[in-house]
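Labels run A, B, C, D and E following the written order; every chain starts at residue 1.
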Amino acid sequence: MAGQTLIPAGDFRTSYAADTTVFPTTTSRNAMIAGIVLVCFAPHVVNEYILSLLIQIGIFGIAALGLNIVVGFTGQISIGHAAFFGFGAFTSAYLSNRFGIPVFFCIPLAGVVTAAVGLVFGLPAARLKGLYLAIATLAAQYILLDFFARAEWFTGGSVPASAEPFSIFGYMLRGDKQYFYVVLAYVIVCYLLVTNLIRSRDGRALVAVRDHYLSAEIMGINLTKYRTLSFGLAAFFAGVGGALYAHYNQVVSNEGFGIDRSIIFLAMIIIGGLGSIMGTLMGTAFMVLLPESMEWLSVALRDSPIDQFLGLKNNIAFLREMAIGVIIIVFLVFEPDGLAHRWRQIKAYWKLYPFSH
Amino acid sequence: MTEATEIDRPPKATAPTAAPLLSVRNIEVVYDKVILVLRGLSLEVPKGAIVALLGANGAGKSTTLKAISGLLKTEDGEVIRGEILFDGERINGIDPDKIVRRGIFQVMEGRRIIADMTSIENLKLGAFTRTDNEIAADIDMVFRYFPRLKERTGLAGYLSGGEQQMLAIGRALMARPKMILMDEPSMGLSPLLVKEVFSIIKEINRDLGVTILLVEQNARAALSVASHGYIMEQGKVVLDGTADELRDNEDVKEFYLGGAGDQRKSFKNLKSFKRRKRWL
Amino acid sequence: MAYTLEVRGVSLRFGGVRALTEVSFGVNEGELFSIIGPNGAGKTSIVNCISGRYKPTEGQLFYRGKDITGLNPNARPALGIGRTFQNLALFHHMSVLDNIMVGRHHLLKNNFITGSLYWLTGARREELEHRRKVEEIIDFLDLQSVRKATAGTLPYGLRKRVELARAMALEPQLILLDEPMAGMNFEEKEDMARYIVDLNEEFGMTVMMIEHDMGVVMDISHRVMVLDFGRKIAEGDPASVLADPHVKRAYLGEEDEVLVDPDDTPAPRESAA
Amino acid sequence: MNTQLLIQLLVNGLVVGTLYGVVAMSFVLIYKATQVVNFAQGELLLVGAWVCWWLLTKYQVPFYLGMPITLVFMFLFGIAIQIVILRPMIGEPIISVIMVTIALSTVFSALMKWMFGVNLQPFPRIFQTQNVNILGLQVQTVYLMSLAVSVAMMVGMAWFFRLSKYGLAMRATAFNQQVAQSLGISVKSVFAMAWAISATVSAVAGVVVAVVNGVSAGLSAYGVKVFPAAILGGLDSVGGAVLGGIIIGLLENVAHFLDSEYLHWGNLYEIAPFYALIIILMIKPYGLFGTKDIERV
Amino acid sequence: QAPISLGHLADYSGPTSDVGTPFGQGVADTYAWINKSGGINGAKVNVDTVDYGYQVPRAIAQYKKWSGADKVAAILGWGTADTEALTGFLAQDKIPDISASYAAALSDPTGAGGKAKPAPYNFFYGPSYSDAVRGMLTWAAEDWKAKGKPGKPKFVHMGANHPYPNAPKAAGEAIAAELGFELLPPIVFALTPGDYSAQCLTLKSSGANYAYLGNTAGSNISVLNACKAAGVDVQFLGNVWGMDENAAKAAGAAADGVVFPLRTAVAWGGSAPGMTTFMEISKMSDAAGTAYRPVHYVAGVCTALYMKEAVEWAAKNGGATGENVKKGFYQKKDWVPAGGEGICNPSTFTEKDHRGTLKVDLYRMKVAGATDAPLGDLVKNGGIKMEKVKTIDLPRKPEWLGW
């Protein structure tokens, strides 16, 4: 009873290896593979607009995954993630513009450089906890953003910088259709990396630090190392995401990396489910699609009788903003533990159906 | 998890007393919407009595107490069937703070003192629902019971495990409730204090007329103060009776009292296999 | 004979509170050593000093001849010191299995890079090897059925057992147990006592245990130390300690016929394998 | 060195800092009772400012009446927010609740813009003498009012949390809601009260800034400015919040002085508090007066 | 006939919404009016107005939609940061963009000026930010002489560290030096309203005589107020977006005396042949026809009319494609769009030079008494007045192209 898991009865594991697979059941693995194959066809099926949304989900999903490492797995709130995202974007643009490094290499390189910066800004984590740390990351957010606006040599100052399009061995990828596959590849790799990380030694250590740092220390875990490391890892994925973002937009502007973006990242992982890898992607999709669908609604609303009645006119934007806020609130009221939690409950329900209790 | 379709057993009539102060009728509790923990549990606590609730780890004793005090809600738990009556009124579904105001106070498992306050502040909060002005006198009373608490003027979070347990019990005394639900009050206390705590339990029951539902692992001590006892297994009451009946039950002797009669079973020469008998 | 663990004149003060005052004692290799004493006597504080949570205000601690007084807590598992906690300190949201695997942290070599690459770097092989060791512990402590359960939802008694499993996973030579039997009924205590004895005899660990259940303490420990108000008031074999009038007054209360069997003799010392 | 300028900037910092202190205090209030960092604090301030502005301009209500009405309204408004939005979140993970306050700030700020427009609106004149001369600096009278108000509130709250039964109940609730409930404390009313008081206090600050700068959506930026202030003082210290606010106010101005006289970097006024914040926290991880976490196993 | 699609980026909700709302309304009203009066060559114009909140990423995302399958013929853009971010794409996708950003960098179509990257598809109506500063400083130098004060006048640039206030910074400081001003270190203040007393105290202590305000009205008002309280005695020079009737109403006496450039020959209600047309256009969103429209609304209408004529020409000459619309901008010299007579200043765009005009009309804001009354009344009874100071005709220097 207490040991209830969702592995179907009769599914006995005969080796430890079989018990440590990425997916709990073969069905779920096959479903995932089928899903990926299906997504591969997306560029040929969906229109450019939907494609661009998918790309955004992928890019932000990678960065949000990084945030989930530091917030969800290690339990340290970070309100400065967008600044690392931006750092990755500027770094990749800088590396390719200044040194002519092929974009193909710039992206992981940007991840590594950002990770180093993340480690530096993660240093306060050695001493600070909880909200004190959270506000220190907020400070990092402002400091980095100020740096972007100031460091002409690096970012070009306050004017948006341009970034090369993605190229691979001299072959330029142009357009969203091709870039989609780049993002997809990165998403798969990043999500696999983190899945592995969490089921191996250092990942477990991060979670242990979150759950009970005092006993984690007694278990031989170096708190300072792992608290800081989690910021480094988070920054790595933020950097990779940022780099992908830079070469997708081919423009890097200071403005995309403010505190509001940091907060959206947080919303993604909270709505998806803290400490849930697939939840991150779900939450990202939610937060990317929500404003879009509200936009769509507000377009539909324009000049409609409701518009006339309320006298909205140019204020439709405010209605849209409010709707976004309200939906997030309503969502959290009903599902404070996130989409991943709801997903698990649905699965549990079907597994036990019709004996739901 | 076993099937939930099992037919409810009718609640077994307990010894006929006058109106019971608390009666729990056939409740089922789930955690997180799916994990069924209590499966049709019933029990009654007569007014002015001490009733012991015994059972193995995970039987659902703490869950039962939390269901009564309403604290289940804060742990994603829910009473999905059955009802709980206190003083003849249904109390399930009511907010925990209202239940406290009606006179049920729970001493939670694991002390749960407020770590960043001093002992005195903790005690004052125990009396939160009271409006009379004997609070100061009662604080003195608690300090008389547990002189050690008086010496420790720092934050309660720095108290030793046992000291925190004293504070938790003291807090319940401060509330002057009609009924106290005690979850393992003797846990972590030295033998001397265990005796003392049980004599305090007896005392407040006798002198102040407080009804007590006592969850204890120290079955021997619990049955020595209680008039009735219930034994739980896997979310159900499997045996109940007066304290004397239970003390004489062979199984109870074997699993809860550690051997027959007053002869303590030794921990020496333990066998590496175990015999397990379960009622269910 | 040199002690495995030696505590030399340790005092610990928190502001005005004297938690420990010049406590000295030693634990022998392979011994099952118990500490008893009234609440707030400083038992947990001793364990905290040994495991590095607290740094003594005065005095020194030696483990196998090495001064460990100022050593970082996280360096101690590698020396062979493991412990459990009085107020449960499990990793609440992790599975039982992962909780125990965390115990093997200092024995594992893969890091965040090799771990992320799992299949390519041998991390998988290493994880599986250690998983095997962990399964042995799970078998030993009868935790098979809750292997995948989330630790925070387990009933109290099981959580204590998981804590023990986690401490065992460190492969310590010295294991410190802080009230391992609190909150258990007789039958469960019996199980726990058996595990502890096995730990000591089969696994050859030196055990230091804090416990309030005098029955257990008397029956299974080789030597007992008594603390009161932060001072050591007695030390020796269980029977003689129990007979000490100071101990009776401070700890046990008046004569307790249930606890003291006239035929109680301390368990014979067996040199552990 | 330009001493005259430095002194004037210091006085200015002190004056503005007190205001930060007031907002920080309302922030700390919610934190102390609920452990929630309220990201909508700036919007509460703005709501207060708009309501008062609206009463004064549209209904020509005199200030000595408009202000109390505003405060009463904000008190009820705080309760309403709690009941409608935050009550269902009781017992849920803190971070989710924080997210809700963030979403709430989006809703309010959009709503305010919709209702009152995007233009800055001047506040009617409320004091006969608008300025008082302190050390050669013209200080607005409202600032002095806020100074008086904040000192009074600080003393009141310090008393409330340390000694009153409800103050204890709030702290208990913050520590652990389940435990508080088990003691008979109605977590719901504690939370409602915290939000009500906090909304009221921030409305005072809102009106003060509005009198000085006029009302506009931009005022909600104060909500972010006070993060460093509240943290610096120690998240759970009322007095610390005020002190933190003053320190941030001084820091801004000193940084600005250095910047304009010597460094010429440009943006030090806004950024320096954040650098200072990190440095101070590294030395005092719980701010100046925050209580340490209890680390005991 | 197939409708013509245009994209319109507006800021109704972001940090520049105070000026964005009237401007965007002007654009929207104009196309509503055009459609009502038969469209462009009989084709309906679909204007997709998007409130992007002054956020570059949202502008880019929106652009991707507009440049995709249902491609727009042209864009009416807004801010400097987003327009500069889009410049490369516009050139690549051949979509002209007439923006509300007057950054000089957007006026060099070939990059020949050497100061900016080529921006072949960017246009704007009115003098560039840099040229406006040049004009104002030219006036300031004369003003200083006229007042007969001793010594060199001191000039300071004030604004956020953001592409828009920064756009004319270098150019302004260069001409200031040239004209004999002493340059003071720039003063930074954010784009949002706030308390800028500290900035004003330094401004005062620095002894500046002329201060350029680079932000939009909202935050400028805060500065004006704070500076008035601090007793600063400085001649403020506002940028085109930095001062208008709403700002004057909000700032009250503090706005009195600010000098700023006006893009149109007259303001709302001024006497000009085109004003009747503008009134008609205004009725599209104000049926009663009573609303007072601030300067940005008027400028918005002019901007929209220019675009309309360029599209019209394109539709007649090979279809309303981006390339043709761009050519449409080059068709007339001293171009005043129909309906804008006497309001929109004559502009000339060539393939080598997108500086439509180098004429800078300087006005001074006059505020008298309380400003509580509605804006229309205030303007009518002279509580708020814009007083012509001077018109500066700058030379079309090639080295100023794109700078």
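Quick notes
Everything that follows uses one rule, which is that contacts are C-beta pairs under 8 Å (C-beta built on N, C-alpha and C of every residue); 3 or more make two chains touch, one makes a residue touch a chain.
What you are looking at is a predicted structure, and each value in this text was computed from that prediction instead of being measured.
The set of chains in contact with subunit C as well as subunit D comprises A, B.
Note on connectivity: the fewest chain-to-chain touch steps from subunit A to subunit D number 1. Summarising the inter-chain layout, the chain whose CA centre lies farthest from the centre of subunit D is C. Chain centres here are C-alpha means, and the one lying farthest from subunit A is B. The chain pair with the larger count of C-beta pairs in contact, out of A-B and D-E, is D-E. With centres taken as mean Cα positions, subunit E sits 75 Å from subunit B. Centre to centre, using the average C-alpha position, subunit B and subunit C are separated by 28 Å. With centres set at the average Cα position, the gap from subunit A to subunit E is 38 Å. Shared interface positions of subunit A, i.e. residues touching 2 or more other chains, are given as 2, 4, 146, 149-150, 214-215, 218, 315, 317-318, 321.
Residue positions of subunit E touching 2 or more other chains: 12-13, 21, 161. For subunit D, the set of residues that touch two or more other chains comprises 110, 113, 266-267, 270, 297.
Applying the touch definition to all chain combinations yields A-B, A-C, A-D, A-E, B-C, B-D, C-D, D-E. Of all residues in subunit B, those touching subunit D in their complex are 69-71, 73-75, 95-98, 100-101, 105-106, 108, 112-117, 121, 124-126, 128-129, 155, 157-158, 171, 175.
Remark: subunit A residues 1-2, 4, 345, 348-349, 352, 355-357 touch subunit B in the complex.
Across the complex, subunit C meets subunit D through its residues 44, 48, 53, 85-87, 89. Of all the residues in subunit D, the ones that touch subunit A in their complex are 31, 37, 39, 85, 88-89, 92-93, 95-97, 99-100, 102-107, 109-111, 113-114, 224, 227-228, 231, 235, 265-267, 270-271, 274-275, 277-278, 281-282, 285-287, 290, 293, 295, 297.
Considering their complex, residues 31, 35, 54-59, 62, 109-111, 148, 152, 154, 158-163, 165-166, 184, 187-195, 217, 219-220, 254-258, 262, 264-268, 270-272, 274 of subunit B touch subunit C.
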